[in-house]
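Heads up, the next two complexes both have chain A, just with different partners, chain B and then chain C.
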Partner chain A sequence: MWVSSTKWKVISPIAAILLWQLLASAGLLGKTPSPWQAVEGIWFLIDTGLPPGYRLWGHAGASLARVLAGFAAACLVAVPIGVLMGWSKHLDAVLDPLVEAVRPVPPLAWLPFAVLWFGIGLVSSSFIIFLGVFFPVLLNTVSGVKSVDPRLPEAARTLGASEATILGRVLVPGASPSIITGIRIGMGIGWMTLVAAEMTGVKSGYGLGYMILTARDYARYDLVASGIIVIGLLGFAMDTCIRLVEKRLLRWR
Partner chain B sequence: MEIKAGREPLLELRSLSKSFVEARTGKVLEVLSDVDLRIAPGTFTCLVGPSGCGKTTLLRIIAGLETATAGEVLLEGSPVTGPGPDRGLVFQEYALFPWRTVLKNVTFGPDVSGETRAGAIADARELLETMGLSTHEDLYPRELSGGMKQRVAIARTLAVKPKVLLMDEPFASLDAQARNAMQEFLVELWLRTGATIVFVTHSVDEAVFLGQEVLGLSRRPARIVQRFTCDLAYPRNRTDPGFTALRARILEYLKQELVDDHA
Partner chain C sequence: MMRLANRGLCTGIIVLLLLATVALVVMPGCGEPEKAAVPVRFGILRNDLHQLAYYVAREKGYFTEEGLDVREGGAFNAGPEEMSAFAAGELDMGLVGTSPVVTFASQKMADVKIVAQANTEGSAVLIRAGLEGEDMASFRGRTIAVPGFSTVQDFLLRLALKKAELSDTDVNIIVLKPPETLAAFSSSQIDGAVCWEPYPSMAVNDNKARVMLTSHQIWPDHPCCMLIVASEFLSKNPEVVRKVVAAHVKATDFINKNKLEATDMARMFTGQDKNVCASAMKNVKFDPDPDPVEIQKYVDYLKTAGVVKVTDTGDFVDDLVDSEYLPRK
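This part shows the complex of A and B:
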């Protein structure tokens, strides 16, 4: 073809933005802001802030902290439980129905309990994000451990490895491609639950999701679009970081 | 097997039997029936038999990965209760750890048994040298050919200094050329180290090329029904009349087992 696939990665988003701008300039989108208005909105958030004085860096930093806290806690809990569930049929039989019953509940539904248990603040909003990240990481870890070639733990046993060693040195690295996939999916869902998470209320007044809700109240659709773009960019940056780590860790593949 | 007077067997199987209950049908499936075997130290023994006869199960019981329904496995007189580094198992599909480099695959055993790192690495390098893999120590398994993978797997097993080397059709997934090369390599290794080897194969040609003794198993439930002594000098020549005659005798027995199977 006349362009390489790497070039398409640049061309396709630019084309989409141009189309969006054309539709908006032609007056076909009503109150929906144009991309240029969204970019101006980002500048407004950097310069003035919403509410005034509450600037973009504060919103982004607060959201990033909540997402990272919920995400880290979810990985720290889900990976060990997932490894044990993949390793032990009994534990899997006990926990799997529980997991499958809780998993379909939208994280937003837990909001009243999040506030009841943790009050308003970092913990309750991170808890909502935790719920979004937890299940994809858990399920991918379980299936990753189950799909490790059964000969590998056997080989390890004949080489003198204990069961604990096999868990840590055979099943975890064997499942690592699947675990990392779960972590990537989880990180994406973590950002997806951000707006819901910040509906728990934000004491500091900072947060991208919270900011979007404020913009909605003022009918500032341009700032809603700006918030969406910033969340998208942050999510993309985080995914890029995880992919770099993945590339390093999974060199052997 | 002929054992010289006063020479204790290294490995002994006493009326070993194994049966499973088939999960789907609920039928009891007898795999091994009353297998008796004595393996003297330093010997090279090959087990051949019709495919699916239970050769692999026998080896897995010796390795301690499966338990016998009756009978026992003794290593130097003490009963085997589970897997351990005193019995090294080499798998048909290599079973290398894909996330570990060649060198780290070989040091896995010493690493998990808490041997000092420097010592383990020096020993592993020496093993890789004898395997002709010195220049490959930093590669990952996916970067190796089948024959190289199997040499790494053998080195990994030897690194824990097993008393007996159990090999389960280790060359079956190699192409013919690599397979012959590996057979020659294994004979050299055995002659040099004096290891005790129990080698399962479905290839009569391979068994005659390698073993001092070839044991023929019956169809399921497997028993040892034939013992062939191969006193041809090493390294063996496949076109030698003694070689072809012995191969013909063993093939004749195998054919008999297959005929019975269809009767």
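This part shows the complex of A and C:
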């Protein structure tokens, strides 16, 4: 390889942005804003805000809170259920058809119920994100537990370990790489459902998805691009955080 | 033997396909009595009584009488969504609020012309049932929903707030699509809302809200929904546009001259009951003549709000409004 993979991490985004700017400067993108306009837009969002007075930090903070709330709730529910489903064949048989029936439903389809049940605040948008995050985390946890070498819990059992110890000391650690992969996928999907979630309406007037829709209402497509970039950067930052945690947790590997 | 038979079959199919292709290519050329009508992809707002003329023209056959092929190109939840479809080149003509038209045209996102008006007035500021307050000042610190930023309703709200000497920051303005607005009233999520008819009449009928101000009280005869056309479509098919405008004007006349039957058709169009439609119809003025002077007020406002960049708002409106296609009186 003529460049290391770390260098690629820097080169590929820069190349993509350059290509985008080049196409825009050549007038090949029509009404699509150029990256420079998008960057100017980010400054406008920091300085003036959209709608004026509603600045970028407020939007980013509100969205982060929603994503984190939905994400945390999904992980807290999905991981224990997934571990139990992986551990008990009976429970798996009972829950699996339910999971497989609900899983293909797009989170957005729940939107009318989300508004009906939870109104238009933090809870309803977090609920939509919860639905997006829940299933990848659950399925990865189940398959992670199932993929643990069956000889390991057997060995622990012969050594006199209780079922609880086997679950906590053998199965969960063994499944953790798969669980973390599920969490990473879930986090990505969480951000993906954000715009849909914020379409339920946001009472505070803040949210990145909501801000993008506002920019569309004002026909400010440069600000739409800025919003997309900010979401991309936040998603990237959070993925990096999870990877750092992963490295620490899985040092034993 | 089987293989030979198969080959025969294959050859037969290929010959048939070739013949069909030739027929398709040649057919339209020979003996075409009249040119097929140019399809018009027409956009409307979902459940918006202001746009009743479209439904009347369709149901009464006014489009067909003019030899037009008008197809529903989409029903949208708010003006900016419909204007995005114009920006994408997905619509040829449509009915949509003045404010989104001005916003998208001035940002050069959609190249369109206003060729007729659908209505003036026909919106209202609602306050949640059970809340005290007789004037806009009672909204201080409360949450009010509009169908979208830079919609006619958003504009009306800001005008009403200004008249009551409230600033935009004295209230919390949020975006909710009108169908969700009624649900949000029921669950007390919002305190007020600005909606197009029939939503105000629906909310009042269901005891969810009461009318604080009609848009007539905020700005008499304010322009509302416009009949617009994509500039490219207009330059290619000026006669089609003239015919659509004619059908639109005829339908508008019908509504004004036959209030009872029009109310009945409003019932079919919006799916609401008679009481709601009768009350809603009273608040909408169906008038096909756009008034550039009034339209300019939207542009002036959007310019001062810093949303649009227009150097001369008068010139901009002159260029945007093209009354050429309205039938001569």
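The rule is short, and it goes like this: the second predicted complex is superposed on the first by the 251 of 253 C-alpha atoms of A that agree within 3 Å, B and C clash if a C-alpha of one lies under 4 Å from a C-alpha of the other, contacts with A are read in each partner's own complex, and residues count from 1 in each chain.
We adopt the following convention: a residue touches a chain if its C-beta (ideal position, glycine included) is under 8 Å from a C-beta of that chain, and two chains touch if they have at least 3 such contacts.
No experiment lies behind these values; they were computed from the predicted model shown.
A.B. asks: Report for A:G27: first if it touches chain B alone, second if chain C alone, otherwise both or neither.
C.D. replies: The answer is neither, since A:G27 touches no partner chain.
A.B. asks: Report for A:R251: first if it touches chain B alone, second if chain C alone, otherwise both or neither.
C.D. replies: Touch partner of A:R251: chain B, not chain C.
A.B. asks: Please indicate which partner A:R151 is in contact with in the superposed arrangement: first for chain B, second for chain C, both, or neither.
C.D. replies: The answer is first: A:R151 touches chain B but not chain C.
A.B. asks: After lining up the shared chain so the two structures overlap, which partner does A:A161 touch, if you call chain B first and chain C second: first, second, both or neither?
C.D. replies: In the superposition, A:A161 contacts chain B only.
A.B. asks: So, does A:P97 touch the first partner chain B, the second partner chain C, both, or neither?
C.D. replies: neither
A.B. asks: Applying the touch criterion given at the start, work out whether A:R169 contacts chain B, chain C, both or neither, answering first, second, both or neither.
C.D. replies: first
A.B. asks: Starting from the residues of chain A touching chain B, keep only those that also touch chain C in the other complex, and list them.
C.D. replies: none
A.B. asks: Contact residues on chain B for chain A in the complex?
C.D. replies: Residues in contact with chain A: 63-65, 82-85, 87-89, 91, 93, 95, 97-100, 108-109, 112-113, 140-142, 156-157, 160.
A.B. asks: Mind listing the chain A positions that touch chain C in their complex?
C.D. replies: For this pair, the touching residues of chain A are 31, 48, 51-53, 115-116, 119-121, 200-205, 210, 213-214, 216-221.
A.B. asks: Within their complex, state which residues of chain A touch chain B.
C.D. replies: So the residues of chain A touching chain B come out as 149, 151-152, 154-162, 165, 169-170, 173-174, 176, 250-253.
A.B. asks: Taking the complex as given, what residues does chain C use to touch chain A?
C.D. replies: Checking each residue of chain C against chain A gives 78, 80-81, 83-84, 87, 100, 103-104, 106-110, 143, 145, 148-151, 168-169, 172-176, 180, 183-184, 187, 189-190, 305-307.
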